[in-house]
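Letters A, B, C, D and E name the chains as they come in the text, with residue numbers starting at 1 for each one.
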């Protein structure tokens, strides 16, 4: 575990090499990234094995920066959770890299692409093991920058630019709040180390109203970061648009790296949240709301990637909700499993897009016949996402529902269950419309064919954990999940309750059945449904107006403000400066006119001056009294 | 009322009248004459102040030199005022018109009036003596002469230098240039001669040059 | 620490000598003039390196001191020295100056005069950071003004006349007032010299209460305009837009730092009480500058104007941090937290100066890079540069991200720690500044998109990409930003001792 | 009765030499015959005059012995006098040198010109060295009368005539006012001797007697009269016209010597005689200072005639010096002295450039300076140095001069006036830099640049070099000069 | 002689003369007449000086001597003044100072 810090280093080396030698190597440069990731994955696996063997974890730090008596140390820490995440991230990323080899073949900016995904992965891996706020932020923001550049990979098109911009700015809004949260913690503790914070919080726990309020403030500020990065309402708007990037990037962002970071942030600072019931409630309800919201929107999306994108938002909401209700282990577990199956789904959709060159599911259909591996693995991912036993998603979702059920807000349990049903429904819809039924666009259908091994093998390799991660996890971890991923002594293990399991499964199966009924068997025409539910449909198509609000307030607002400020600057501030200058010159011109050229004016002024001077002096000396 | 007082009153009257008419006479020659009158009145006052030498020198220089020069100048300058009287208006009318024009009327009056008031008020406060605080120097010519060439010899030399300067200046300003008289300019310098170009420049700059 | 050579005098002397030799060269020998100038501006790099190597970070007072009588009857001395704060800025100057020199090679108009002025300008800037005598400081402070006027006025853009004059008069107003403040200080303290350190030590006790505020204003005005603090910043966009590229670089990277350096060196330590009392107001000005600058930048359509306004915004962080440093002791915090906050804010302020120097230099070089090629700075006429000139555009991307405060680049360290140090003192200001941080992202990315993204434009097909000389100017800046972004300790370590002293002075300890 | 001692004449040897040279010049010119024909430039007259000035300079005695009044109590013998004598003589020498070519090209009669110049200087020297109001007055008149004539010596130029006339009418009236003030002072104290006056003022001020009102009023008139000479607002209106019309070297001369002499007299009179009545004049001078600098600076902003611009500039500088006077502190006198000295070099330097251009018919208008930076780089660069100095930026004499003024004011606890001066300096950039703009910045499209080279004669180059040298040295190594100024005030008679 | 008259009378007379001179200078446009007014002013000063000399400092002639210098200077002044006026006259043919205003502003 001592060598855990090397895990991010490999992709970073790959990044540097690709930057400097990529151009010379041409498309062979992709292999640098793959090699880097392979090394990272192997090392992550070894670290994971060590972590399983020694539950106390490992931490080390070195002097990095000293400002007076205040010190920031460069350090890393590996715990069970981190080890598991490292493994998942590096594995998924490896798959994405491999997949990209084929997917990005022939792209004009192949090297740039590979260098960035290496950096992206490296940043995520670094984030996972960082032990203090500065380095956390470092990796966190590098991911943001990478996501910007990758989403804008095809920057020739304006919408792609806009999407990239949107992604960066919305997450930035969250980021700055998180930074403020970190500073706030500095104010309280005088440190930027997570462990110091934890020690301080635990030391001062129960410190009265002030303490709780401080914790609430800190927690909510930090939560802002999670809201942005993990695409919680109302900052979720960037994520669906981020589909503008190449599909493997979507896989990387949505499964393994960026969005996971937000949830992980809450986990990392959970000791703060735990001190504030208010903060936890906010987290829980916002998560639940996001989960439900995104799930509903996903139903009406016709872009296969958008469906998956909203499903990501929804699943992240799930995790956040879980954290809010105290399901720390559950959330992390779900994060872990979700990483596998969501990567699988995205790569699967990538394979489809690669085959048919469209993202619109209404132009697909019947592809299962042509893309057998893809269809099969996509189905695995879909079932895992829907939470069907024995797929991995079932286990983690079950844990979350359990946590919600046990919490003080049982309503969240029902929201979770309904969302699960919705999730199953829209995934079924996506699956059926894509792979089954009759091809709706014959031309595309004719030309569709399965990609090369670099496309299919990642799917297969990801399908395995998507299928098995749930039930194999306890064996893998050598302990039940909630014992492997623990948070202090606060979160007790939830006893499995059959009610929960049953309800969850019921909703999921119900969702799938409904999907089959509507899209597979076509017992109910979608047109009828649309007509019957006109208003809700409109609201969903408009994505609950969040995008509208973003355009209106963030983009429009900033543009308006910029125009106002720039205009104010020119007209008022600079106008004042120029006005003073002009006034001076004007006064000068008036003064100049005093010099009329007439001797009489001069003498008159002179005499008047004498009188005035005499009076002045007399006044001063008291001579006038 | 003593004789001295009567003499003072008369002399003061002469001086003030003379001064007044210097300013207000329509004809400048009249002004010059009234200036002479003022000088004479002043001399009388100096005598009254028991400064006969001063009075003498005053008359000598002012009447003999200054006034002559002034009259000389009036003759040479041949201004319009010299060409004869304008239609005489009644004094009241003249005063009214004068005072109504601000620039040459009431503003100067106000300014000089204020100045006079300030000075007079201060004089009133000064607690000036009514009688001389001693007897005057008897041999004033002798004393003045001696002082002038001993103690005041340096200022005397400076003053003579000033007279010299005035002389040079007056000659320098009024003397007709040889070249001018010849009516032509030296050929070799004509090109770079500033005479042409500056004039042109000045003329060109006239509008902007305020 | 070996004082065998008068390093600091040499740092001043080499460019000055270069300027004088340039004066003697025939105006036609352009290459010789350029080579000489570049060398003369590059030699200080070595000298500064030597000073850096010999600098003892544990000592808080000035080092490498050179002190001779200059005007004994006034008590003015030729008194040079560096501490960590000035050394950081001297190093920045030493780095940026040769780059600006290299960027000046394509100036073909009146080459000789240009290089003479450029070298004198750099002498002035070095001098400001090195002088420890008020009068000497002031001389250098003003010395930088005159060459700048000509450099903008002769080699500038179409509105150079207006811009140069505005710059000159505007900054002059502030700096003349400064000399009044310095003299007032001199007399009030009853000092017999213009020793900055001595005067600052005596001032708090010696200046009568009633005069403290006016004196503070006098000592602040010049620096505030130079920095520039909102709302006295409007000379900056005009000056920048009209100035030739290398001069913009120097203006943004070095000249503005003279303002905040002055605050740190003179204004704050001299009257810490007033600084503390006014810290709230100053912080407000800082925050307004941050937000206002950011959104003004966003509202620009001219590439260079945008970058110029970004300077206003970035320097706002420095002002905010300095305000926080001043106010920390009065914010009712735990002493340890207060000290640590003040320390962090002050160090970060210096760091931010250096960081902004690097980032803005790169940005202005890039503005010039495209302006040279396309002869426009209008966003509407730019675009697609990732395709047309990919290497240049990559540098722009780096610069944009560095400038918006992306971690890994030096600006982040400056922003992060300055706001971290500020939050305990002025929480509201920091929360407001967050808007500015988002705004920074907005304008930097807008800039990047409008210049570099989009499809390639036909009219710019075949534009040459980065030349070797340009690469030499870009790379050190990027390297510097990355170095300081990843290893901020390089600079922070030398700041610790002097900043501790600075904070102690502000705390009245 | 004070005895006149011949050996004391050595102290006014410079004046004697000057007056003698004036006569010599005049006679030499007269006897040189009538060969006023082609190419007969009488440059040698100018050199003769300059030589006389240099000889006078050599004759200036600094080792004055005990400070005090000599020659019947009429003349002061002290370092202060020596200082101003040296400064005025330097100024005159410089002016003489820049005159030579100008006089020849403008067709001014060299004999009159140079003899009047020397006589004017004689007057200025006596003004500075006056120990008695009488000496002061006759010195003043000698200077004034010569100046009136000098201003009009380009007698074919209507502007020169107008300048002369305006200068004369205003000057004569103001000297009337000055005299009236002196008569009131005489009424209050019964003396013209400055040191006796000081004692009397002390008594009167202490006793609060009736003479106080006469004294105060007399002082007011005296300030007005001297303020006129110095160009203080509101007594300044004659000045731009006179300066604009006068021959350019004379403009320079008036700006430095005449104004300088006024300040020498102001310092002499008010710091000697009125030291104990400081409130009487301090406020007055401070008020005048503020008015003077502000009015002059704003009025100069839009001037397009360079001489007029520089005329307003000299008014503004008078304002700065007045501020130093009004400070009334220990440091006031060194400040005034230093300022006058610095002003001599920077102002004559600036005028020398104008003269050089004017000699070939340009240089009067701002636009004549267009492109000078390329046309004649050295000349333009020197002018920049002088202008920068006139603004008061560091490393030039003007900065140290302003610095001294600030020092005097702040030492007296006056903080607001320095700020006003500072703002005024900034305003002054507006017009000084107008010249710089035209030389360097204003594009050639706007203002066509003549491609003829400027012919700068050797004497003008010499003057430029000397002025530039001192403008820089006075700032870079000011110590010796600062010491000189402070020593010169310390040994002043009456202190 | 003259002793019966208070000093103030002389001074008031001097003041009036002075002010008349000033007033004249202000209101008249003929340069020569202004020159005359200036002489009035100088006369006023002389009157003051001699009177003050007589009343306050009778044992000396200081005031008178100053007055004599003023007379001398006045003559010189008149000479040069006339010179200037004549120069102007020769060129312009008139001495109205209202019409001599090439330079202003």
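Observations
Here is the rule we go by: a residue touches a chain if its C-beta (ideal position, glycine included) is under 8 Å from a C-beta of that chain, and two chains touch if they have at least 3 such contacts.
As the structure is a computational prediction, the values presented were derived from the model and not from experiment.
The minimal number of chain-to-chain contact steps leading from chain C to chain D is 1.
Any chain touching chain A that also touches chain B appears here: D, E. Common neighbours of chain D and chain E under the contact rule above are A, B. Core chain by CA centroid proximity to the global CA centroid: C. Between chain A and chain D the centroid-to-centroid distance comes to 77 Å (mean Cα coordinates, whole Å).
Here the spacing of chain B and chain E, counted between their Cα centres, is 5 Å. Note on chain placement: the centre of chain C and the centre of chain E lie 65 Å apart, centres being C-alpha means.
Between chain B and chain C, the centres computed from C-alpha atoms are 66 Å apart. Of all residues in chain D, those touching 2 or more other chains are 134, 138, 141, 145, 148-149, 152, 155-156, 158-159, 164-166, 169, 173, 177, 187, 213, 216-217, 240-241, 303, 308, 430, listed in ascending order. Residues of chain C in contact with at least two other chains: 169. Residues of chain A found to touch two or more other chains are 581, 592, 595, 597, 599-600, 603-604, 607-608, 610, 614, 618, 623.
Contact between chains, per the stated criterion, is found for A-B, A-C, A-D, A-E, B-D, B-E, C-D, D-E.
Remark: chain B residues 118-119, 122-123, 125-128, 150-155, 157-159, 161-162, 164-166, 168-173, 175, 177-180, 186-189, 192-199, 201-202, 205, 208-209 touch chain D in the complex. Within the complex formed with chain A, the residues of chain E that make contact are 22, 25-27, 29, 34, 97-98, 100-105. Within the complex, the chain B residues that touch chain A are 103-104, 107-108, 111-112, 114-115, 118, 122, 210.
Those residues of chain D lying in contact with chain E across their complex are 133-134, 137-138, 141, 145, 148-149, 152, 155-156, 158-159, 161-166, 168-169, 172-173, 176-177, 179-180, 182-184, 186-187, 190-192, 240-241, 244-245, 303, 308.
Taken in their complex, chain A has these residues touching chain E: 592-593, 595-600, 603-604, 607.
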